[in-house]
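Paired with subunit B in one complex and with subunit C in the other, subunit A is shared by the two complexes that follow.
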Partner chain A sequence: MSATTSFRQAYLRARYRFSLAQVVAELLQKRWMDALVPFVVMVVVVTTFTQLISGYTDVDNLINTGREFGEFGFLVFALTLVVIGGGIDLSIGAIFALCDLVALVCFVHFKLPLVAVIPITLIAGGALAAVNGILIGFLRTRAFLTTLVTMIIFRAVFDILGQKYSQELMSGTPENSTWEWLGSGSLLGIPSNIIALVIVAIVGHIFLSRSRPGWHLTAIGAGRRAARHAGIGIEWTLFWTYVGSGVLCAIGGLFYAARLASAGSDTGLNSEIVAITAVVLGGVSLGGGKGSVGRALIGATTVLVLTNGVVRLGVVGGMSSVVLGATLLLAVAIDVHWAKHRHKAIAKLYVVPTYLALPPGQSTDEGPFKPNQRLAKSQAIGLDMVDGPEDCIIDRQGRLYAGVRQGWILRFSGPNFENREVFSKPGGRPLGMAFDKDDNLIVCLAGMGLYGIREDGSVFKLSDETNRSWNKINDDSRLRLADDLDIGPDGRVYFSEATIRYEIHSWATDALEGRGNGRIIEYDPRNGKTRTIIKNVLFPNGICMSHDGKSFLFAETWKHSISRHWVEGPKAGTTEVIIDNLPGFPDNINRSSDGKYWLALVGMRTPSLDLAMRFPDFRTRMVKEIAPDEWLFPNINNGCVCKFDDAGNVSESLWDSGGTSHPTITSMREDRGHLYIGGLYNNRIGRIPLEGSDPSWNGVESYWGKK
Partner chain B sequence: MTQEVIVLGMTVVLFIVLSIALRGFASTGNLLSLVRSVSVLGVLAVGMAVVVIGRGLDLSQVAIVAVLPAWVLQRLGQGVPTSTAVLSAVGIALAVGLANGLLVAFVELPALFSTLASGMLVYGLGRSLLLERSFVYVNPGHEGFLAIGQANFLGVPIPVWIFIGVAVAAHLFLSRTQRGRFLYAMGDNYEAARLSGIAVRPLTVMTYVLSSLVAILAGLVLAAEVASVNAQIFTSTMIFDVILVVVLGGVSLLGGRGSITSVVVGTLLIGVLLNGMVIMNFDNNVQNIVKSIVLLGAIIVDNRLHPRDEETARQGDI
Partner chain C sequence: MSFIVDVAREIFRPNRERHAIPSLDGPWQPNSRLEEGTETAQLEEPDDLVSHGGQLLVSSGTKVGEHELSGPTGGLASRGDQLAVCVEGKGIQIVGGKHDGLVLSATDGEPLRHPTAVCFGDDDTLYVCEGSLTESASRWNWDLMRKGATGRVLRFSLSSASGTTGTALASGLQFPYGVVVWKDRVVFTESWAHRLWSMDTSGGDRKMVVKNFPGYPARVHLASKGGFWLAFFAMRTQLVDFVLKETEYREAMIAQVDPRWWVCPTLVSHDYFLEPAQSGSIRQLGIRKAWSPPRSYGLVVRLNDQLDAAESLHSRVGGHVHGVTGIAEHGGKLCVASKGHGRVLEVQS
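The block that comes next holds the complex of A and B.
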C-alpha cells in the first residue's frame, strides 16, 4: 500500500467518521422535539409583544397578566388531559362558569365557611364533568357532540341561576382573609393562583408521565383499539379523565370567583375556543396520545400573551379575533406538516454510511473454504415446525433447544428429536443461548435484553440496560439487539449487542452504515452490574469463551473478522484481531470437541458490496433515492460452517452450496458426535454426523464439567 | 330502524301531543310561522350537511351569516345599488369558501380548526375593516331586498320557499349527480375514494364553497326577515344549533351517512319543539336545555342503534 493511498484512507475515515445528518436524525427522533415548533412560536410571540408594548415586563403588569394566566392555565390543563385521551371537552368554559357561581353562592348567599366552599366547588366541577364522563366513557358517545350539548345545557343553567343571584352577588363578599388571599394574595411576589397552577402542573406531569393511569390514558389516546386489546379499562379511565378535567375547571372557577367576585353572563364565554387554540398551539395532538403539561403551558402562554397583547396595543374590537384566528391557522398548518415531514426527514437522514475499506477475503476457489455438499444431506429436525431457529443448543440430557421468531424457546427430544414442545415463552426475539453452571438457559432476547430460563420454563431477567454513553444522542442505555452470549468460568456473562441504532426487523440496514454501532457488554451476576466493555464494534455477533476460559472470541459481522478479548491473565482487558479476512459474514462461534472453534458464515462477501463500502456517498444516495427493496445488501442467501483454531487458522468448511437445506446459516452446535445447524430464516434445524469426533463430547460439560 | 325514522316518529308524536295540549298550535298560521322560524336554520343545515357528508365540518358559516349581510345593509344605507352590494358579498363568501376548501384539501389542515380559525378571521377582519357598527338596520326604501325575508308567495313565506328550494337542489345534487355520489364515497372512506380515482381535493373544495354560498343566502334572508343584522350573532350558539339539526336527523359527523331528508326531518323536530316552547312561553335558556336534552337523547339512541365497532373505529375521530 503506497503512502498516498494510506493517507487517502485516513482522510476518508476521518471525513466520514462523524456526520451532521446523523445528529439531526437522532435529534429529530427525540420525543421532546415535538414541542420545538410550539416553543419557537411562544418565544417569537413573547419577544414581539415585549418589544411592542412598553412596560409589558413591569412587575405590576406581569402580576396582573399572571393572575389571568393562572385561571386560564387550569382550563388549558383540563382540556389537555381530555385531549391526550383522544377526546375533547367543549364544556370546560361552562363548567368553569358554573363552578364560579357555585363558589360565590356558597360563600355569599349561604355564608358557608371556606373549608366547605372549596370542596363543594371542586365536587360540583367533578360532578358536572361526570355527566360527560358517563356519556363518553360508558355510553360511548362522541366527545365533540356530547360536550357541545352539555356546554349548551350548563351555560343555560348558569344563565338561569346567574340571573337569580346576580343582585345579591353584587352586594359584595363577606370579609375573609383566606378568600382575599386566593383572589389577590401572593407568596414571595408570586400570585396565589400561579402557585396553585405550578403545584397542579408538577402533580399533573408526574401523573401523566410516571403513573399507571397516566400511561393508560396516553395509550387510549394513541391507539384505542390496541389499548383495549392490552386490557386497559377504557370506560373507567375515560370517565375519571373527564371528572379530573371538571375538577381542574373548578379550581380555575374558584380563583376567578375569589378574584372578581362576579358571575356575569360572559364568565368563561368562548374560553373553550381559546383553550383549544392554546392546546393546539402547544402542540398537543388532537388525535390524542401526544401531549404534556409543559406543552399545555407553552400553548397557554402563547395565547394569553397574544390576546392580552393585542388588547393592550389598543387595536379595535375584531382584531384580537383576527390575530387569534391567524395564529391558530398558522400553528395548525406548521404542526400538521412538521409531524408529517419529520418522519420522512428521519427516514432520509437516519442511515449514515461511513468509509470502510477491508482486506480482501480468503479464496473460496481452493483451500479450506472450497464449497462442498457436506451439509446438503443433513437430517431435518422440526421441519416446518420451527420459524427461524437463530441458535440451537443441547442440554446434558441431549435435548435440543431452539429460539424461534414467535418469541418462544422450543425443545425437541426423543431418539430422533420428534417430540416438539414449547419450553418457554420469554418474548422478544430469542437469539444466542448458553447454559450456566446451574443448568439455567441464558438467552439473548432482541428487543428485551439478557434473560434466563429455569429448568421448569420460568423466565427471569438478568439485565436489560447498561451504562449510557455521554456522547451518544440516542439513548443507548437500553438493550436493543442483544445477539449472542457466553459465560466465563467465574459466572460472568459476556454478550454482544449487534447495533444500538436499529431494531431486529431492520438489522441488515446496519450493514450499509459500516459504522461501529455495536458493543460488547459484561453482566456480572455476583453484584448484578452490567457494563459496556468494548464500544464501537462493527455488528458484534457470535461470542465464545476460549477453551482455557481466559479470553473470549467475538465475531464482527460487517468487518469479516474474529477478535479475542482477554478477561484474565497478563493481557486482561486487551483485544486482538485473530482473523481479518474471512470470505463471508461471521455469525455465531461455538466450541468444537477437538479444542478448536466452529464458526457460522451467515453469507458470503461480494465484490460489489466490498466496493460500495469504500464509497459512503454512493450508499447515502442509494438509501435516499431508491426503495429499500432495491438497495444493495449483504448476501445472506448462502453461507457455510467452518472450523478455526486459537491462532485463527481455518482448517475446514462445510457447505450446502445449493442452499436448499441451509441458506442463511447463523449457528451450529457440536454435541456427541453430531453437528446441529440453525438459521435465522430457516424452517428446520439440521443435524449431520461428524466423522472422527469425540462421540461423548457435550458442550455443557465442556464448560461446567460432569454432574 | 334508522335514526331518521326515529326522529320523524318523535316529531309526529310531539306534534300530536302539542296539537292536543296547546290551543292554536295546529292552526295553518302557526304551522307556517313554525316552518318559517326554522327555515334559515334549515338552509344553513343543508349547506353544513353537504360538507359533513364529505367528512368535513364548516364552523365558519356563522361568521359569514354575521358579517357579510351586515356589510350589505351598511352599503345599502350608503346608497350602493342592491345588486352590487349583494353580489360583492356573495363574491367574498365565495372566496372564504374557496380558502376553507384549499386549507382543508390541499394544506391538509383538520377541518375543525381551519374553519374555526377562518371564522374568527372573517369575523375579526369584517368587524374591524368592513363594519362601522356591529348592529345595522335596513334603511327605508329597500322593500325589494326585504321581500326575500318578509313577502309571501302562494300564501307561503319566501324564506320557506328558499328552504324548500335549497333542500330540493341539494337532495338532487347528492342523490342524482355523479359528484354527489362521489361525495358519499369520499365521506365513507376518503382513502379508498382517492385511490379509486375520484378527484377528492377539488370535491372537498366544492363542498366548502357550497356551504359558504348557502351561508350568505341564509344570512341575507335572516337580515331581510328582521330588517337588521347584529354581527354579535357570531358569538351566539347558532353554529351549534346548525350542527344539532344536521346530526339530529342522522347525518353522521364521520361522513358518508345521512341525507337531506334527514336534515329536513331534524329541522322539523327542532321547529316543532321551538314553536311549542315559544307558545308555552319558555325562556331562552330553558329552550336551550330542552333542545339539548333532545339532542342528547338522539345521540344516545344513535349509539344504541349503531354501536361503535371498536375494532374498525377510526383513530382520532372526536
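The block that comes next holds the complex of A and C.
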C-alpha cells in the first residue's frame, strides 16, 4: 500500500516538475516578445517572395534593393523617432525631397565642395523640421495637423524650386569620386547607404534604449502628463526629436541625390504613407511610448520586400498599394489583438502549480502549539503610525527599528517608544534586518537587494545581483525579493530570496505554485562577491545564525520546515532538515536569550489548502477561472510565535488566537526581557514582557559582544 | 465565437444556471441594517421564527417557545391557534388547534424525515419542504457538497378522506428550504440552485420565477408591505462555486477533511485558523474588509409583487448577524433569527 502510494507520489512529482506553460509564460514576459508578430510577418513575407520570384536573392538584386532600402530606412527611422515620442510627422517625404534638392543645387549649381554640401544638407533638414519642432514642442499644436500643413508648404516650395533648377540639374553632375561612392559605391560588397544606415541604427538603438534623452522620449510618448510630473522637459525634448527626424530625412535625401541626381516632382512623394505603414508593421505603437530601432527595421524590410516584390510579380501599380494596405490592415489587427491579450495570456499561464504532498503538521489541539492568548494583550507600539513592519530590531541603545511599506525604516525611542522618526528612506520594501559588527543596519529590500544603512541614516549597497542560472528563462541574476538575512562571525551575509517568480505585492501567490522558486545567497564583504549557495528552495524566509556561529537555520515557508546549513566545521556546505512538520507557515527566525530560537508562524496550515496542494490541476484551474481575490490562500490571518532548540524541538508557542492584534506575524525579536512582534500587514509593533528571560540580553551583543 | 455560443444558449436553454454570481447592486447594495437591529434574545442556534397567538416563537434545539418536541426543531408555521413545527427525523408536528398532536410523516413515496420548512395553505392544508431525502437538515453542508438533488415539496391535506398522507408536488429538487402561499400559488426556494419557484396548489404549472440569486435562499415570509421576505443563510462565492465543479477535489475534501474546515459556506465564521482563507480576506492594517469574500454573511431581501428585489438588509463580513435562516413579522416589526450568531433581532423594516 505505502509502496504504491509513494510510487504514485513520485510519479506525480515528476509529472508536474516541468511545465511548458511556465516556459511560454516566462517567454511572453520578455520585452522583446512585443515584436513577435511583426517579426513573424516579416519572415513570412520575405520567404513568400523569395519563393515566388526567381533570382530574388541574387547578389545584384540584393544590392539594388539594398540601395532603395537604405534611403527608405532613414525615413522610417525619422518617423519612428517621432512616433515613439507620441507624435507623427507627415512632412518627412517633403523634407526628404527638399534636402535632395538642396544637396543637388549646392553641388551642381553652386559647385560647392562636398565638405560643405553635406553639412548644409543636414542643417537644412534639421532647420525645416525645427519648424515642426517649435510649433509642436513649444506652441503645442497638434502633430498631425501641423505636419500636414508643413508637408503641403514644403512640397510646394520643392515644386517651385525644382522647376527653377530642373533644367540645370539634368545636365549632369561634376565629377567627384566621393559623391559617386555615396551614390553607387560599396564597401566589402555592402552598399554605402546601408553602411550608414547600420551605423545610424546602432547609434539610434543605444540612444533610445540606453541614454537619458532616449528614455525621456519614451516616457513622453507613454504618458505626457506623467512625464511632465516626473520633471522631464517636454518642450525641448520634442523639439529636438523633430530636428533629429529632419536630419535623418536629410541623410536619406543626400544618398538619394547622390544615387539618382534627380529632383523630379515625384521625389519622396507618398513616402510618408509608406513609412507609416512600415512603422506600424514593425509594431511601433502609433500611440507612442513603444518601439525600437529593430522594430523599425523589421517594418521597413517587410514593406520594401512587399512593394518591391509585388511590382516584380507584374502586378500593376494601383494593385500594389492595395496589397500593401491589406497587409497593413491584417498586421495591425493581429498586433492590436496580441498587445491586448498578451498580458492576459501571461496572467493565465504564469502561475504553474505543482504537486506537493507534505507530512501532516504537529497537533494544535495539545502540546506546545495549543492556542493561547499570550500575545493578545501586547502593548502596541506606533499604533496606526506604521504600515506593515515586517521585521523589527533593537539596537544597543534600546531603540526599535522597523521597515515599513513606504520603503522607510522607522525608529522608535523613548521609555514607551512614543518618539517616532523616519530613520532612513532606502526605498524598496524593507524586510529582514540585522546589525553588523560596525553597527550598520543591514536590510533586505524587496525589489532592490541587500543594502546597508549607517548610523547617520545614509544608505549603501551591498549586493543587488547574483550569478545567473543558465537554465532559467526569467533573468534570475537580479534580486527580486530579498527576504531575510543574518551575518556570520566572519562578516559573511547569508540571505534568502523568497522567490524569483513573484514581486513583493504578489508574494503569497507563490504558495499556490508550491515550487522551489527561492534560493539562499551568500554575500562576502571581503571580496564583494555574491553567489547562490542553495537553489530551488520552497520560499526560503527567515534566516538565523546558530548561537555557535557554525551554521545557519532557514525556514521554508510553503514546506513548513526549518533546515540547517553548515558553513563551518566538518559538515560545511551540507544542509539538513531539523523540523519538517510545523503546523503553520514559518517566517523569520531569531535568537532567544536562553540559547534557543524564536520562530514566527505567519499563518497556519488549513486542511483545505493542504489538500489542494496535492491537486495541482485544481489549483491551475482555480487561478485561471476565478478572480485573484477569491483564490484559496494560506490562512495568514492567524499565526503564532514559537520557540525551538537546536535539535528542532518546539517548547512553547505564543498566540493571539483570532488575530485581532497580531495577524500575519512575520517576525519577533527578544530584547532585554521583552518580545517585539512585527507583522507584514499590521498597523503596530507588539511588545510583551517575557517572564523568566534574561533582562539584560540584547541581540546585537549576542552577535558582536559588548562595546 | 463565445458570443455566438452565448446567444445559442440563450435561445435553447433560457432557464439554465448562469455561473456568474450577480454583484450586490441596486436594491441589493450592502448596508448595515441587520447590524442596527435590537437584540431580543440569545439562543442556541435559533432556526425559524413565527408570530403565533400574539407571541414570537423561536425554534431552537428541541424547543419552540415553551413547547418541548420530540426532536430537533426547524421551520415553523402558524394559522389561527395551530402551530406546525418541522421536527427532524419525525416529520411535521401540529401543536394546538383542532389537529393538536398530529404528526405528519407518511407520504406517497419515502416517508417525510428531513423537513426544512412548512406553511399553511388553509386550516387543513400544509405545504412542506424536505431539503433532502438522505441528509438531515443540520447536515445541509454535506448535501450541498455532494450536490444533492433529492428534495421535495409536499402537500398534506389534514381533513381529506385519504387521511394525512402527503403528496409530492415537486421532487428531485436541490434543497428546497422555504415555502409560502402567495396569490394562491405555492412559492418555494431551491437553495443549492439559488432560485425561486412558483406553482399552483396542486403542483402544476411550475415556473422558475427568480433565478441566480447571489446567495443561498432559506425561509420565505409574506411581507405586509407587499411581496415577501427572503432570508439568505449564506452568500455564494466564486471559490465555492468553483469547488462544486471540481469533483475530484471535492470528494477528497469530503472524505479527508473535517466538515468544519471545508471550502463551503457556513452559518458563522469565527476566523479560526483552520478555516480556509481566501486571498481577499487577508487582514490589512488590522482590518478585514467588509467586502472580502464572505465565508458567512447575513442577508434578508424583500421581493415586491413583481418579484423584483425591493430592499435588502445586510450583515457584512465581520458583522454579528450571520446565517439568517428565519424571518417573521411580529408586532409591526421584522424579526430575524441569526442561526450563526445565536441571536434573535428586531430590525426596522
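Here, the second predicted complex is superposed on the first by the 706 of 707 C-alpha atoms of A that agree within 3 Å, B and C clash if a C-alpha of one lies under 4 Å from a C-alpha of the other, contacts with A are read in each partner's own complex, and residues count from 1 in each chain.
The working rule: a contact is a pair of C-beta atoms (placed from the backbone, for glycine too) under 8 Å apart; a residue touches a chain by one contact, two chains touch by 3 or more.
Predicted model, so just to flag it, every value in this text is computed and none were measured.
*Asks:* So in the superposed three-chain picture, is A:Met622 touching just subunit B, just subunit C, both, or none of them (first/second/both/neither)?
*Replies:* In the superposition, A:Met622 touches subunit C alone.
*Asks:* For A:Leu148, decide between first (touching subunit B), second (touching subunit C), both and neither.
*Replies:* Only subunit B is touched by A:Leu148; subunit C is not.
*Asks:* Which partner does A:Asn683 contact after superposing on A: first (subunit B), second (subunit C), both, neither?
*Replies:* second
*Asks:* Just to be sure I read the superposition right, which of the two partners does A:Ile88 touch: subunit B = first, subunit C = second, or both, or neither?
*Replies:* So A:Ile88 only meets subunit B here.
*Asks:* Per the contact definition in the header, classify A:Arg531: touching subunit B only (first), subunit C only (second), both, or neither.
*Replies:* In the superposition, A:Arg531 touches no partner, neither subunit B nor subunit C.
*Asks:* Applying the touch criterion given at the start, work out whether A:Ile160 contacts subunit B, subunit C, both or neither, answering first, second, both or neither.
*Replies:* Touch partner of A:Ile160: subunit B, not subunit C.
*Asks:* Can A:Trp631 be said to touch subunit B (first), subunit C (second), both, or neither?
*Replies:* The second partner, subunit C, only.
*Asks:* By the touch definition above, which subunit A residues appear in both interfaces, subunit B in one complex and subunit C in the other?
*Replies:* Of subunit A, no residue contacts subunit B in one complex and subunit C in the other.
*Asks:* Going by the contact rule set out above, which residues of subunit A touch subunit C in the complex?
*Replies:* Residues in contact with subunit C: 364, 371, 384, 387-388, 508, 584, 603-604, 606-609, 611-612, 614-615, 618, 621-622, 625-639, 657-661, 663-664, 681-684.
*Asks:* Looking at the complex, which residues from subunit B come into contact with subunit A?
*Replies:* 103, 107-110, 112-114, 116-121, 123-128, 134, 235, 237, 240, 243-244, 247, 253, 283-286, 288-289, 291-293, 295-296, 299-300, 303, 307-308, 310-311, 313, 315-318
*Asks:* Can you check the complex and tell me which residues of subunit A touch subunit B?
*Replies:* Residues 86-88, 135, 139-146, 148-153, 155-157, 159-160, 223-225, 228, 269-270, 273, 276, 280, 286-288, 315-326, 328-329, 332-333, 336-337, 340 of subunit A touch subunit B in their complex.
*Asks:* Quick one: which bits of subunit C touch subunit A in the complex? Just the residue numbers, please.
*Replies:* 237-239, 242, 246, 248-249, 252-253, 256-258, 261-263, 270-286, 288, 292-293
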